[in-house]
Structure formats: C-alpha cells, structure tokens
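In this document, chain identifiers A, B, C and D correspond to the written order of the chains, with residue numbering beginning at 1 in each.
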C-alpha cells in the first residue's frame, strides 16, 4: 500500500524524536523530510540529534540529511521534495512565524506547539473528544487557496485530562473542577530540567502551564457552532470553572493528575466508571494509533502510577483510578497519561490519522506527490 | 540548670531517632530511658537501632540499654527509673494499648501516634495554633488521680497545613479548601516504602491519610469550649469543608501541599501575606524549639521546594509561596513542612515545651524525680 | 505446534513475575502450574501476587490457582498435573531443600537460585558461554534414574560480565580483572531495598555479592573435562584473578559494570571490538529468546546507560562501551545487562531452550505428558 | 579581631555559592568583593545568582553589587576596592586568562579551576597531604615582584582519594591502585547534568575526569624537591600506577569511590585503620575549616553512604569503610567525600587558611589594606 509522505519540523528535539519513533513503522505515513534549526541543518540526523529514547534510532532515519526550516517553495512542494503533511514540534516563538507560513505555502501543519492553540480559527483537537472542531479548518484562508491548513493538539496535561473529562461531560455535564498535576521532566524537553532542581525534589511551578491547562480544557470541551451560511463556524467555550496547580516531580515520563469534580447531573460510582469504560468514539475508524480503550479505569486502591501504567494502549490510553467522593465537590479521582506519546507526538499523529480518514488532505494539484510510491 | 528526665517509647523507629537527634542537646529535657519492642529490649541502643539520620548517633545514647515497653510500676516511677515525661512514637495498635496505660500509671504521654488524636478528651495540639485545647487535659481521669495525661500532635501533613491556615482562620475565616499533598518517603518509616514503588514514580495513595488530614484540620482549628462548672471542656470542630488528595513522591524529607481556599471575609494578596508574616503567637514564651517565624512566605515564583526550604527554622517553620487567585475558590498557594521534624518528633517536643511553660508537669509526689540532678 | 508444559516455583516474587511475562507468548513453553509459599497457595495468582511489571498480568495467568510448593508425587507427574519442566526462583534456603527433591522426583529443575551454583555436579550455564557444561548433568543421580536434573544460571552481575568476557577469553585469554558494579534495586526483589536507603544515595555493599561474582566467573569460564570412561566429567575453574566491588544505585533495572582487564595475549582496540561483535555462538540454533547479537559494542563516548540501552536484544543483550587503555592492566570498558531479564528469568528460559534443542528433556515414561495438546 | 578582605571570581556559579556559604561567618576572612561574567556584573548578587543551597543567602551578600571580572588596577588594589586574596571558581578557559593576570597584578589567587593544576610552578595542594608543595610559590615571578601568586586545589574526586591515600603512602608506600568513582551531579555545576540523563540512570562518562584524577594523584603525592641554591624547587611525581573509571550517579552531593590498592610494604587491617585514624597532620594549626579527623574509618559493613556520611567534619572529612582483602592487589575499600565542600570551595578556603598561618599573604605595600577594620 502507498503511504503518505510526511515531514517533521523541529525533528531533533524530544518531541521530534518521539515523532520518529512512533512513525517508524506507521502503515499510513512515511517520513521523507526532516528539518531543524540552522545548527543542525546539513548534518545527517544521527549526528544532529542527541537521541534520548530507549529504542534505537532507525538506521535509515539516521542517514537522512537534516534540512533547514525555511518555508518551502511551490517547486519543492510540487516536486514532493518537501511533503505536504508537516508535523511541527518547534518552540512557540518559531512556531508563530513558521507554521502559518507553511500553511500558506500549501502544507497541512499538524502542530504540537502552543503558539496557535487558542486562535479562534485553529482547531485544537483530541480526536476522541472533539473531532468536529476540525470544522474550523474551513475558516482558514490557506485552506481555500491551496489546501494548506494548521491544526493543533493541546498541552500534555490537558490531553490526559480531557480524555477523562469528555465521557463525564457528555453524560453528566461538568460544572467545575480542581486539578493538581505532578508532571514528568520529559515534558520540558532536553536539556530541560536541571538534575539539581529535581533529584529528590518537587518544583511547584511550571511557567504558563496552569494558564494553558485551564483555558485549553474550555476550548476542547467547547461546542463547535457551524455557521452554515458562511460555511464556517466557531467554538463556544465550555462554561465550567477550572482551577489548576502544576508541579514538576522526578519522573521521566507520565503526568499524574489529581482531580475533584462537580457535575451538573449527579452520577453514581458505577455510572462514572461505566462512562469511562464505554468511551470508544473512534472504534469505527480503525486508526492505527488509537487505543482500543482511550480511558482505562483501574480499581486497585493505589493506581494509576507512572512506572506501572504509562504504557497502556501503547502510551495512548489514559488510566483513571481512585474514584471516591469529594467532601467539597462531587467526586475525586486520579489520572495518568504519557506526556510525550499521548501528550505530544502521538496526539499529533492521531490528529493526522483522523484527518486522513476525514479526507482533509487535499492539496491544490498535489494529490499524487503526497503518496509514496509503493 | 536542672533538666527534666524524659523517656521515649518506640525509640528505635524513624520518629524515635528524630526524638533522639532533636533532644541531644535540649536545654530543658534529658533522655534517661529508651524503650522499644521485645526484639530490641535488652540491647544497647546502638545495636538495636538502624540509625538512618545524617548526624551521628550520640555516643552516650548508643550505650543506653533499650528497655521493654511494659507499663512502669509505681516503684519505677517513684525511683525515677522510668521518667514521668514519655514521648511516644509507637505504631497505632500498640499506642492504643500502651499510651492510656502509661497515663494511668502517672506519666505525661506526649504522643505522635494517630491512635487517640480524635478522642474527645485528648488534646490534639500544634502550640502556635490551639494551645488552649490543653484545657481538655482536665477531663482526663488520670490527670486528677496522679497527674498523668495524654496529649497528641497531628499527622505530618496536617501540621504544616494548619500552620498556614491558622493565621487565615483567625483573620478572615475559612469556608472551604482543597489540598493535594506530595509526601516524602520518610513519613512511612523504615523500611517503609520499597524503592521499586517510588524510584521515578508517584504513588497516588497513602492508607487513611486523606481521612486523617481532613478530620484533624477540623479539630485543630476548632474552638475549645470550657465547661466552667465541671472544670472541663470540649472542642467545637471547625465548620469548613476540607477535601484532600494525598500522594507519595520520591523525596526523602518534606511534604509539599497545594492548597486552594475560600475565605469567609475577602482578603487581598497583601493581607494574606501579612497574616502569615505577622503570625508569631509563641514569641513571648521563648520555647527552645519554636521557630521565630512559624510561617515564612517566599515571594519567588517557584518556591517552596523540599530540597531548598526544608531546613527553615531548623525544620520547624512552614514555608508558603505562590499565592495567586483561584478561579474556583479564592486563593491558591503552596506550602512545605518538614515531615519528621515539624511533622513528628519536633511537634511532640514543642508540645512538651509549652506544657512545661504552662506548668502541666505536676505529678503525684514526684516533682523531684522528674528533674535530673545538675 | 505443541508446546511443553512448564511450571514456576516461587511464582509470586519479582523473578517469578518476569518468568510469567517472558513466557506469556513463548512458542515452545506454556505455563500450566504456578507454586508459591503457603501464604499464597490456594489463591488465584492475581490475588496472591503484587504485580510490579509495566506490562499487564495476562488474564489467564491471573485466574490460575497458586499451588503449594510441596514436592510432586509420581501420580502428579504422570498425570501431567505438575509439569516436568520447573523454573525455580525461590530463595536460597528454600531452594536448598526443594530443588534436589524436585529433581529426584523426576523434574528438570532450571533454577535461578544461588543455592547450587557452585556444586560440582550442577551445571552453571550461560548458553552462549559454556553450554558444554551441561555434560555435568550425566553425573547427577536423578538423571539416570528418572530423567530429573538440576541446572542453574549465574548471579545477575555474573551473566552480563561473562558475556562480555567469553569472546575475550576465547580469543586472547584472561589473566586478571577488576570489576565494579552499580546494580539496580530490582535485583533485591520486592519489597527489597527500602527507599530511604537508596533515594539520592549509593550503598557500597550487597551481601555476598562480591563473593558470588568472583567465584561464578571462574566456574562459567572454566573448562568442562569429560571423563569418558565414567561417562561423566568435571569443571576446571578458570585460572584468573577476579576482584569485585559491588554497589547498589538508584536505578530500577540494569546493572552497569566497570571492568579493567589483563589479557594473556595482547589485543588491539579493533580486535577487542571485533571479538565482541562477531560473538554469535547460538546463531545456528534459532532459540526464541537468544538475541541475534549477545554482545553489542556501542562506540559513543558515554554509553552504555541503563535508561537507554537496557532493552537491547529484548533485554537479553549485553551492551559494551568505552573501550580504552588501562594504565594498570590492559584495557578498561563498561558493560550493561538487564538484571531481571538476562540476569534472571530470561537466563533460565534460555537455558531451557538450549536444553530442549539438546534433547535433554527426556523423562522416564513421561514424554507425552510433557507436551500440551495443541 | 580584624579579618582579611577576600573576593570571589566566578561568584554566581555553584562553587561560588559554596564559597559564600562557607565564608559567611568565617573568623579570618570577610567577603568584600564579588565578580562574575558580564551577564551578572552590575546587578545585586541576589538577583544575579540562582541560589541553589539549602541555607539562606546571607542578606548582606544579596545586596552586594556584582563586579566585572576585569583585572584590577594598581589603584583598585591599593585602595582595597579589590581585595588581595581572590578565591577563583571560574571555568577553565576563563581561568587560563584571568588567574595569571590577577596574580601578576599582585593578588593571591586561590583557585578551584583545573587550568593550572598541573603547571610545574603552581602548587596543587591539599593541606593535610602536601602543604610543603607551597614551596613552589617561590618559583612564581609575580611572587617576587609584588607578592601575587597562584595556588590550586585538586579535582573533587582527587581530594577525597588523596586524603585516604596519604596516610597509606606515608606509612606503607603505594605501588598501584584502581579507583571507580560514583559522582554526584553537583560536581557538574548548574544547570549541569540534565535530569533526563540521570534520573534512574548511571552515566559512565565524565569528560576529562579520569585523566585529571590519574595525573593529579601523582602530583599531590609527589615529593617537593627544594633547589636551595636557586631558592626554588620542583615536584617529583609519585611513581605509582593509577587507573580510574568515573561515573555519574543520581546523587546531589557526595562522591563515592571504590578503591583497590597495592602497597609497597604489607599492612594488616589494624595497621591500615590505624593509619587513617591517627592521621591528623594539621592539628597544631587550629585552622577554622580543618576537620579534627580528616579521615574517619567506619566499621559498619555498608558505609560510607552519601546520604548518611556526607556531613562528617562539616563536609570536610573523608569517610572510609569496607576495608577487605583484594584478590588482585592487596586491599579494597570505599571512600566518600563531599564534592562541593571538601572537593571545591572548602578545599580552597583551607588552602587560604594554611597560607595565612604560613605567612604567605605579604603584598607589596599592601598589608594594611588586606585587613578589614574591626
């Protein structure tokens, strides 16, 4: 079968490495282009990167020459030299400049950056939760011109959280919630958190993280309102209060979150657990990276734990546990999500998979080039 | 100056070791008796214990023979062989049996155990917060008979928390609060938490901890109502909702707590910080273990942290930081407290110091024996 | 294809769990019997064990009832109720009693215990290194009587070390070596090392470990001398001085070892690396658990590292790096080996695989029962 | 009493912070000048630094304005604006340029940098071990011209090691030794080791560390040979083979080292331990930072450990343990030393103290300015 060519912007960073690891044997996508900053451009990827994952760097990727992250020309796109589907994991200031430029040039930019998540015309999507928000794509100018567009996935904490919240919002409605995170160091990239700051320690602060988490939940669980006349639409933010405390802990991968929640309609323990276990919105699509159960509820008294539960659903499932009454709101529970798989590269790849199924990869005179010859 | 003789029940455990460390050069108390379970009794303390602190075991303590933890006879007390002031750090099931028996025999039992904290006639005291609760002592039968009594200090999480809450309760009133703890492994004693459970991990469960924390806060911040006719009294629990999430993290010493709070009377940032900084209720007493500032507010954006702030006030101060608005309640903040100093042995010693100042150490025909000859 | 029935003695411990994980989809063996101490016997395995691995406990294993570890009767073996092939990971004192009894009853006992490793008639084998030592089996009385026998694999440190040493011994001869280990906590089982002892710490002592490592290397690299008249044989220990320093470090899985070595015949850097890379003694056998490259040499200046290299060869390969001259002996290098996969359960399974290929599983009147019906 | 004015070059780094902490209440020295790179110069120290120690930054130091690290003029020295005694902890490339310039300008530069440790005319000194090497000062040109000079202390690993070796060299002679280090992350400064590299991991490589350790031991234990005619001298390096393996482990402070040693004269266990315990070469000098016992031998089977033994002698003592026979050389033992106290700032301060006692602080026309008015 033919696979679509994809590229990675910011290929040498920690999230870039996860893209490479997760796309290594992907049935639908094939990496044909890697770009990074000037420091890395021109070098073989194996030299340019400081590979920090515990699976080996694929040999054919190691040999690929890292390209500069300059915006591609029409020729580069037409020839297939630069692929039409671009996964982006560049830092926010660079994303601000490059991502719209790539979209305007005619690429589908699937970004893990925070730069445009809250922009009114940019879908912020977790496929199991709000794939209807992709309707916002039609409001993007580039989309109409040449098929290019920009979509984003949320902050690593927000993804695990909304996966646990979505079934509750759908069945019972959410009035307010309180969340305290205990976040892994891989979320800060490499070199990221100095060991002197985190060995045997807790740092009760991550810059802008609480703000992102509070506002992204509102957009993710918001409603897409189509404007059928104009063929566009917008998002009504969720009307719920969210209060977040974010902490860094000495864990490599896996964000743990303690949640207290008040529902609009009361729910029993059994109803809550059933809502999570029955949540399988993508089942019909057979997406390669979608876990069979996006939310797994574990009844053990001391789960989830990063060391034991991080790999569930190949790192794409959220594990929930310890559901118990809250003396202030309604219920308390704990959730865990893999922050660099489900919370970053895997989230973007799942967005690309659902976009493929939805037929959104249609580019001006470019369909052929988007496919790799079998 | 003469120092009062004191003994330690449960001397070989982690809290017992802290008692020994903190009492090593205490100006008012001198350890003359160490007791532990049958396994240790009869051995020199240096052999019986597995010393786990980073200061050396004092040589004269190492040589003391560990006594069995049997209830002392009248002769042993009268002769001074067993001291009248007993610090207890035995496990709860043993405390249930031994502590009342020691009190009935005529000892002042100053306990760190959870067994009797919520008993209606037992003071649960943090001296800066509710030393008036010692009024409950007069309701204890032993007290009238022979001067013996039983007092307790709270759970390690509750102590740091109520130190931060007391100034707020006094000035503004507390309506409700959330607290998520990230607790150090030393709180579980030795051997305690297996390394396979906590290295690079978070365990979102500590047995009975959330229940203890929620209920002890209510008693600590409750009001002592004297019944002047009967010469006794009782505690009216604080009428505030408290919801706790407790977690274990890979930190040796120092419990970090994330708090969201709703006040009865609105308060500004400046008023909150002033309430903490001006809180010095014990200043007049010059207690040897009382920190000058029981609550220190740090304005840095990323404090408090266990590794950097645990030693403030010789481990007896609570550090508060990151005061900021809460979108759900009124304010969010973070606090840190040393769990085996302020949260255990130091708490009991401070209780003993304030009891000494209040003149509560009066035993039937025993005053002389309670003092060490200079 | 039919798979041979196997059982596990000591199934609930950490190594027992690894046996279950690694045998879950084994093409040659199927777990049909689990035994543990009286505390666990009679319970479903899922209840009896405290599963500590990051892959889920297989559902069909969770339901199996744990059997008592009593020696099987002839009927239990004849009926196939107790399988003929028994993996053992019980503690040494229990192994001393049970393992010979199981062998005498007619079982092939493949043990990870240290109890009989140095016994003159018991093979201590790493298949890539000294599978000819299985010749010792013929000296075991049970072998002749009913086909039962006892084989062992070495200490977790010794396995990684001899895999790196064997190619050097074969090509150049070893005169002496130093080895300093930095060992993971999983080697001590569960609960094992208390977190208070190892968080942010190094413990320069592991009971009996240095002795085991020094003596086991001598036997593993020793020569099997067949006594053809008697149809038996014995091991001539390697005539090399080995000096070991063993340390515990805060790592979950993966023993790192620093080695300095003096060879009998000088070797260049290229010859050393080639010896490791060309070492593939089992290639012809296509054993399911044998890594293609038992020794991988990594040229990066800072490898191997537990976090990055532990999974090579599915945890069965030894990674070697940093070969450089030693100012005291000839060469210095570093090696890494997965201590609970290659160093324990995987070692025993590989022994079983080579024994199967060698046709050593022949039991008195029992061949049929040893196979699971397809 | 008057205290000598001292300054710190590189005051904002991790070692700079230790200088400030250790000099805070020093009886002989007072910090009057702090310098750092251009990025920090001009700011109050409290703003310029990222204080990472667990004792508070002294308030008067926090207010001091950080000076540029330019070489002082004669006027600045004459006026006392820049003190004559300069502790230096700048990076090696900067040290190469600045330290000789400061010495030539007339300062006593007491450096922790590696830049000049092996220079033939620069003393590399641990006061308990080789204070006679200060005789090399007389070979420095600046010394004769204006009193300025440059002295260094060794690498953090070398200090702990030579303290344990010196008593053995003096009594029995050393023929060869093998040392494997397990080094704390604080040795790499801040931000230093990324947490992704060291959490739950071991890194078997520290750039240039093995080379430094091997060569510095040779110089430290070498003999100063005075050339009495010329009034100068030189060092005869120790004629012993030293082989080092250096590793980074997840420990905050405290380097652990495993040593095997061959002596020239055989020694018994008792003689070895006595050599360490009786080693008190500085006792007569009453230096403020010198530990009473520079080498403490601990007989417990599992000591020394960073978490338990790092603070001995206020971080200035080396703890030795586990003396046992080595099957390859003569003896094996383990040692521990605090790498940022004894291994860096404390080492330089102790050098300054012994230099003061030896009367080496004599500057051209400057004696008065070197003292702070009482």
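Heads up, the rule we're going with is that contacts are C-beta pairs under 8 Å (C-beta built on N, C-alpha and C of every residue); 3 or more make two chains touch, one makes a residue touch a chain.
This is a predicted model, so every value here is computed, not measured.
Peer 1: Which of the two pairs, A-B or B-C, is linked by more C-beta contacts?
Peer 2: A-B
Peer 1: Looking at CA centres, what chain is most distant from chain B?
Peer 2: C
Peer 1: So how far apart, in whole Å, are chain B and chain C when each is placed at the average of its C-alpha atoms?
Peer 2: Chain centroid spacing, chain B to chain C, equals 49 Å.
Peer 1: What is the distance in Å between the mean C-alpha positions of chain A and chain B?
Peer 2: 45
Peer 1: Tell me, which residues of chain D touch at least two other chains?
Peer 2: Residues 52, 197, 199-200, 250-252, 307-308 of chain D each touch two or more of the other chains.
Peer 1: For the complex, which residues does chain D have touching chain A?
Peer 2: That would be residues 14, 52, 185-186, 190-200, 250-252 of chain D.
Peer 1: So in the complex, the part of chain A that touches chain C is made up of which residues?
Peer 2: Going by the criterion above, the answer is residues 52-56, 199-200, 252, 307-312.
Peer 1: Okay, in this complex, where on chain D does chain C touch?
Peer 2: These residues of chain D touch chain C: 176-178, 180, 182, 197, 199-205, 214, 241-243, 245, 247, 249-252, 256, 258, 260, 301-308, 321-322, 326-329, 332, 334.
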